[in-house]
Amino acid sequence: MKKARGPRKVRRRATKAGLPPGTAVYTGDAPAMPVRITAFDYDQDRLETLTPDSAQACSRFLETRSPTWVSVEGLQDSRLIQQICDVFGLHALTHEDILNVAQRPKLEDFGEYLFIVLDALDQDPVNGDITVRQISLVVGKNFLLSFQETQSELFKGVVDAIHSGKGRVRKEGVDYLAYRIMDVIVDHYFLVADRLSQRIEALEEVVLSNPARETLEEIYHLKRAMLATRRSVWPLREVLGSLERGDSLLVTPATRVFFRDIYDHTVSVVEMVESNRDLLSGIHDLYLSSLNNKLNEVMKVLTVIATIFMPITFIASVYGMNFKWMPGLEHPWGFPIAVALMACVGVGMWLYFRTKSWV
Amino acid sequence: MKKARGPRKVRRRATKAGLPPGTAVYTGDAPAMPVRITAFDYDQDRLETLTPDSAQACSRFLETRSPTWVSVEGLQDSRLIQQICDVFGLHALTHEDILNVAQRPKLEDFGEYLFIVLDALDQDPVNGDITVRQISLVVGKNFLLSFQETQSELFKGVVDAIHSGKGRVRKEGVDYLAYRIMDVIVDHYFLVADRLSQRIEALEEVVLSNPARETLEEIYHLKRAMLATRRSVWPLREVLGSLERGDSLLVTPATRVFFRDIYDHTVSVVEMVESNRDLLSGIHDLYLSSLNNKLNEVMKVLTVIATIFMPITFIASVYGMNFKWMPGLEHPWGFPIAVALMACVGVGMWLYFRTKSWV
Amino acid sequence: MKKARGPRKVRRRATKAGLPPGTAVYTGDAPAMPVRITAFDYDQDRLETLTPDSAQACSRFLETRSPTWVSVEGLQDSRLIQQICDVFGLHALTHEDILNVAQRPKLEDFGEYLFIVLDALDQDPVNGDITVRQISLVVGKNFLLSFQETQSELFKGVVDAIHSGKGRVRKEGVDYLAYRIMDVIVDHYFLVADRLSQRIEALEEVVLSNPARETLEEIYHLKRAMLATRRSVWPLREVLGSLERGDSLLVTPATRVFFRDIYDHTVSVVEMVESNRDLLSGIHDLYLSSLNNKLNEVMKVLTVIATIFMPITFIASVYGMNFKWMPGLEHPWGFPIAVALMACVGVGMWLYFRTKSWV
Amino acid sequence: MKKARGPRKVRRRATKAGLPPGTAVYTGDAPAMPVRITAFDYDQDRLETLTPDSAQACSRFLETRSPTWVSVEGLQDSRLIQQICDVFGLHALTHEDILNVAQRPKLEDFGEYLFIVLDALDQDPVNGDITVRQISLVVGKNFLLSFQETQSELFKGVVDAIHSGKGRVRKEGVDYLAYRIMDVIVDHYFLVADRLSQRIEALEEVVLSNPARETLEEIYHLKRAMLATRRSVWPLREVLGSLERGDSLLVTPATRVFFRDIYDHTVSVVEMVESNRDLLSGIHDLYLSSLNNKLNEVMKVLTVIATIFMPITFIASVYGMNFKWMPGLEHPWGFPIAVALMACVGVGMWLYFRTKSWV
Amino acid sequence: MKKARGPRKVRRRATKAGLPPGTAVYTGDAPAMPVRITAFDYDQDRLETLTPDSAQACSRFLETRSPTWVSVEGLQDSRLIQQICDVFGLHALTHEDILNVAQRPKLEDFGEYLFIVLDALDQDPVNGDITVRQISLVVGKNFLLSFQETQSELFKGVVDAIHSGKGRVRKEGVDYLAYRIMDVIVDHYFLVADRLSQRIEALEEVVLSNPARETLEEIYHLKRAMLATRRSVWPLREVLGSLERGDSLLVTPATRVFFRDIYDHTVSVVEMVESNRDLLSGIHDLYLSSLNNKLNEVMKVLTVIATIFMPITFIASVYGMNFKWMPGLEHPWGFPIAVALMACVGVGMWLYFRTKSWV
């Protein structure tokens, strides 16, 4: 589990530098908690649920021809993960990639199985921080393994559908199940992208009315959130594009139509993100222009004040000089005339600025 | 029906997250009104018009070999839409996409029929807000279904052409009819793009003469309108490109020439939008530069005033000091000489600024 | 004929929205004048020139196997254009595109003939406005039709070459004639791009020495002219690329070498335009930086003046206070010492600014 | 060894201009030190290590069918390098490229062997300067040559793995060995990219709280480091892409899976660099906006002060005039009323600015 | 020979507009001087050198099967060039392109021969102006023609290699000779790109320490030089890519390896240019930010001065009023207290600004 406010952390990967490749350690920062394994074996008529505490318990399902879904939540127990990988015959690199949760979303076809890495986005409703969690799917001939970093309720809808037996899910194979799981994840992208859109819209009002220093920070943080979303969505699109084209024999033509559907959704998310980027950069420009506008206003006030009071203060200063002889000093109308002169200059300046519409 | 001032809303899609896929609900925000169905069955010699109130009424036309157009306006009645989809044998995903009006324009070939999603743009003549309405077309062997979010007069021209029997439309198949409908939509893009061009041209004058805060808002709103147009046009171009290339057997070679024609029109719209984007970003730069120009002017005024009056006010202050002995205090020419000195300094400054052409 | 200062106008196209497609009306804004038709039928030994007043008069040439060039100048007479299209068997869409002069440059292969749309640029030598005129070429097996919006001297060089009988033109077919006509048009692009380069170079001097508000307008107008040129040249490049590759059987391999030559020229023009764009955007940055430089200078003047005169004016004010007892008031050296103090402060400030090289 | 703060130096290459191509001289700037050669010949059961002082000593290994790794550290001894190239039958251009260390990362297939050029990045932990060292690999049928510019501990992990005999390395061929070496290099890219990310994150805090001139320099230096990283990573990605696709017969299908793995890592690094670029350019914008914000604040202070004190100083000046008759001069309440007036004006201005929230 | 400070001149091309294509005139601006022709006919054992004054003199070499190199320096003598083209059977377009020196670098395969157009860059060591000279190569089966605009020492190294008979050049065919000539040209690109890098590095120091108006001009001129280099290098890369792929039968597989080598060099130059562009645009941003920084500093000085002296001058003004009764006027401590008050205010302001770290 990684906060996406900063660029995604890859420190663990880095600290492995020098170790022989193939060393499989969990590299995420999810809090330690017991691993939860749930296994489903079902067909149209039958559903068997199991919460095995060892990998061997799952192996029994491997022999059945009916679809089997083994959902693993939590990756801290390296030994257990190792066993599961061994039971299902996964390649060493797959094993490593499941645990090294700084993977880029990707699809690898190992012939016997498809290995799919995805990012599930989760957004803190209060401060909008985005958390990126890696989800690994292994789609075999009649089994599907899903690995999550922590226990979560993300796939609750899918589990319910399997339990209820309604809809297509019990009638189709594991490829359709993979579609259902990925559909849930893509739906969450919509949620995140949509909330970002709303925050951008709110920001727009603020920038036009009252740009402040905080606005700037908000813009920058939204930019980061956008970048993080983008980094997860773009490769996801490639993954789904490959599934839709049917590059693998493990995906039936009937299911490909469904992958095409979420492929289209992903394209929509990508476009939302890209257009949000454009809007955000437009808002930044707006912010800068607003600042400039404000500066202009401030400077106009200063200039108007200075230009009115400097000349009339000067007139007053002239008659403040201590020369013995100055015209009108002794005259009773001297003061009123001087004041009238100042008033004229002041009002004249004011009117001048009116014509330039500075005031 | 969605306002395009903000990024296109996808909230309904989002709220469906977790539901089994395939749940078909209308996700737009068009006001509830009765669905209007109009069916046309025609050939060169014959025209039959029907306003059926149930889907079954249409099924009779399916058996004829002549082209049939069923136009559905309004999507609120889920049950009715369901029936129509069933009668014409549409896939569950097609059914879902017709109702979920946040689709990206696309073309899907289901073998039996082509499913085309388009955006019709409509621009409020007063404030320039753009409304995006989804239009779904299903082009079968001898039937065409069109789905709109609300009752509209958009296709009036096509209906009239069918009634009058003039022109090609009654002589050709449903592919030509699809072309006619899409031509109407593309023509509206021209209208929208053209109006945006005109507003940009008007803006250009304003920015050069008198940039104001409202100008900035206007620039930003035009940018949003442009983005919305762009998001609808770019995928439309792909759709038409595919139709023109004749990827589907449902489009005859003779009709492909016509699709090539509106493909070219779409490319023109795309170029108009892109060049408008460039112009708009040029205008934003112009705005910023104009602001800077204005600031420079304001600062020059301030500097000229300050630079003229500060020194002469200083001279006056000097003779305002209360020292007993100051040269010339008692002299009758003291004051005139002091004033002359100030005048010299003031005029000298003024001339200096003239040479720098600040005034 | 359309001014290219603004984005190319497409209003006529737009007003056609709703009419059945295929309605062919002239959509340009060239002044009404009689259509001028000139027909040439020639081979190496023979040249027959005709200025027919009806389309039927041309049909005689169609039967000969020698190349025939029918040059039509002026598109207002819809009926006449219709007749010509009928005589030469042009598709309804070709007919429409000839008259609808807001086409994007393109090449359409109708099997029987190639339909080529081009933009001829013409630049007003005084204010640099660019006029875009559409030129349509129809290249058949042994005939070439050229359509221009108004009477012009553009193709004079080609006509002269035909008359004189020198060079290749009389020895080759209509594909070579098409090359000659397009070469003339591409040469005009060079002229336009070259003049834009010269204006940019002139602008550069101005921006560095004395940036003014007009400079900004000039930059913006050059940007628009560049955009217009770009919109005509880019698609032209595609057209020529297709001719060079020999996609059509109507172009002989020997002539393709010549099309490759003007294709290279078009690529050169594209590069000139692109590099002019870069230069222009560089000049805009230069302008902004120059403005900022000027502002800095102005502010330095203001700051220097204020910083010198404020302290010394303050000193004078202190001795302008009316306290009975102030040190030195009565002393004969009081005034000189005060003035000396002020001079010291003033000169000190001045020297301080010298060290910061502000003055 | 080249500092990457500036663009990579290519002066040596340049000074060779005019010499016949094929002149092989070391062009780097690593300090002169004796060349260290280490040779390993191994299979699953056997390991022979040799530190030969001449090239001929290695030739013995060539005849064995077991994998041989000759690691050359230091390139100053041209004669020795020449001998090695001759013994292993390398092309003159390969020989030249090994010594000319300004090569761009690339993969060349000479049939008999693959020639791979890589950049190893090393970052100074204190000032963050990046040093780029060229590493050349020659992958033959049963030998691998590695050339480094200086003696280094970079491949220590691989050497240890060979010595220990654990893991796959002793069981596989030279292609797997090449993978292990390249994996070490790619891991270093992660380290560098990760440190850059951390510095960018630190910078972000500084820019928002207290932007200074040094911040600007830091931003610029990070930009340069990013550019240098980018120039090394992008071509590396192509190299690995080619290895992964299996364009060469020297790479076995089993090993290709591993190359796919580091290819994915390289793509991750590329994305980190690209997103860091985006963040950095966002920080630059932030910096500029912060500066503008500060300027606005400063100007507001100035304007508030001037606008409060100019009017009240003016009032004081008026009563500083020396007219005989001025209203209230003699009155005991004259002074208090004048002061009260000034206070009113001053406070009034202050309140006015409060409403505009300038203070 | 054209100065590349401005966009490359194409005026001559433009003035040819309207003339029949195929009119071959020299369009460069090199000073008129006699054409120098040097011919070499050689094989491994034999070298024959000739400085013929007519084209016919060369024709003798055509009959030999040994490689022949005819180097033409100077293009003013149209008649002579015409003869050479005739003797070697060049196409009219090749002839025209040799003389029209505003060509874009390109490779044309005429079957009998390859026609290669290149740009040789030459940089004035003092002011950094770049001169672009076109070099045309015609590579036949056993002859190579090279055309330069003026007499030059550019190919001296190649000539020396032929004379000395060392190295490969006498043992290989004309394709290797073409490689040697192009290698010289690419080496000069390195020199130019390297000098630009150095000037950019020098600029960076200046911008950070003391940005001036001249810096801005320098940045802009470097940008232009970069653009000119770019326009010559990018198409050169395509030319070499085509030679490396071996699209033509006139290039032997053995020589293709060498073309791959300079292709790689060209890619390096392209990357240097692109990264210099990035650096330069970074420096421009740096310049603008530095300016803004300076402005902020200036404004702070002004604000500090104004904010300190305005209030205390006001206090002085208050006691400069001429009211009969003001508190403390008569008191001996009046003046010291007033001065102390002013000092307090002044110092207080100063301390306030210290806390905001403005001073």
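Lettered A, B, C, D and E in written order, each chain numbered from 1.
Rule of thumb we're sticking to: a contact is a pair of C-beta atoms (placed from the backbone, for glycine too) under 8 Å apart; a residue touches a chain by one contact, two chains touch by 3 or more.
Since the structure is predicted, the reported quantities are computational estimates derived from the model, not experimental observations.
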Would you kindly state whether over half or under half of the residue numbers at the chain D/chain E interface are used by both copies, giving same or different? different
Just the number, please: Cα centre separation of chain B and chain C in whole Å. 26
Can you check how far apart chain C and chain D are, centre to centre, with Cα atoms defining each centre and the answer in Å? 42
Identify all positions of chain A at which a residue touches two or more other chains, and write them in rising order. 288, 292, 295, 299, 302, 306, 310, 313, 317, 320-322, 326
Touch graph across the chains, line, ring, star, complete or other? ring
Starting at chain D and stepping to chain E first, the ring reads D, E, C, B, A
As the complex stands, chain E meets chain D at residues 156-157, 161, 166-169, 180, 183-184, 187-188, 190-191, 193-194, 197, 200-201, 204, 208, 257-258, 260-261, 264, 267-268, 271-272, 275-276, 278-279, 282-283, 285-286, 288-290, 292-293, 295-296, 299-300, 302-303, 306-307, 310-311, 313-314, 317-318, 320-327, 358
Could you list, by residue number, the parts of chain D that touch chain E in their complex? 6-11, 13-14, 16-22, 91, 93, 97, 102-104, 106, 108, 213, 216-217, 220, 223-224, 227, 231, 284, 287-288, 291-292, 294-295, 298-299, 301-302, 305-306, 309-310, 312-313, 316-317, 319-322, 326, 328-332, 334-335, 338-339, 342
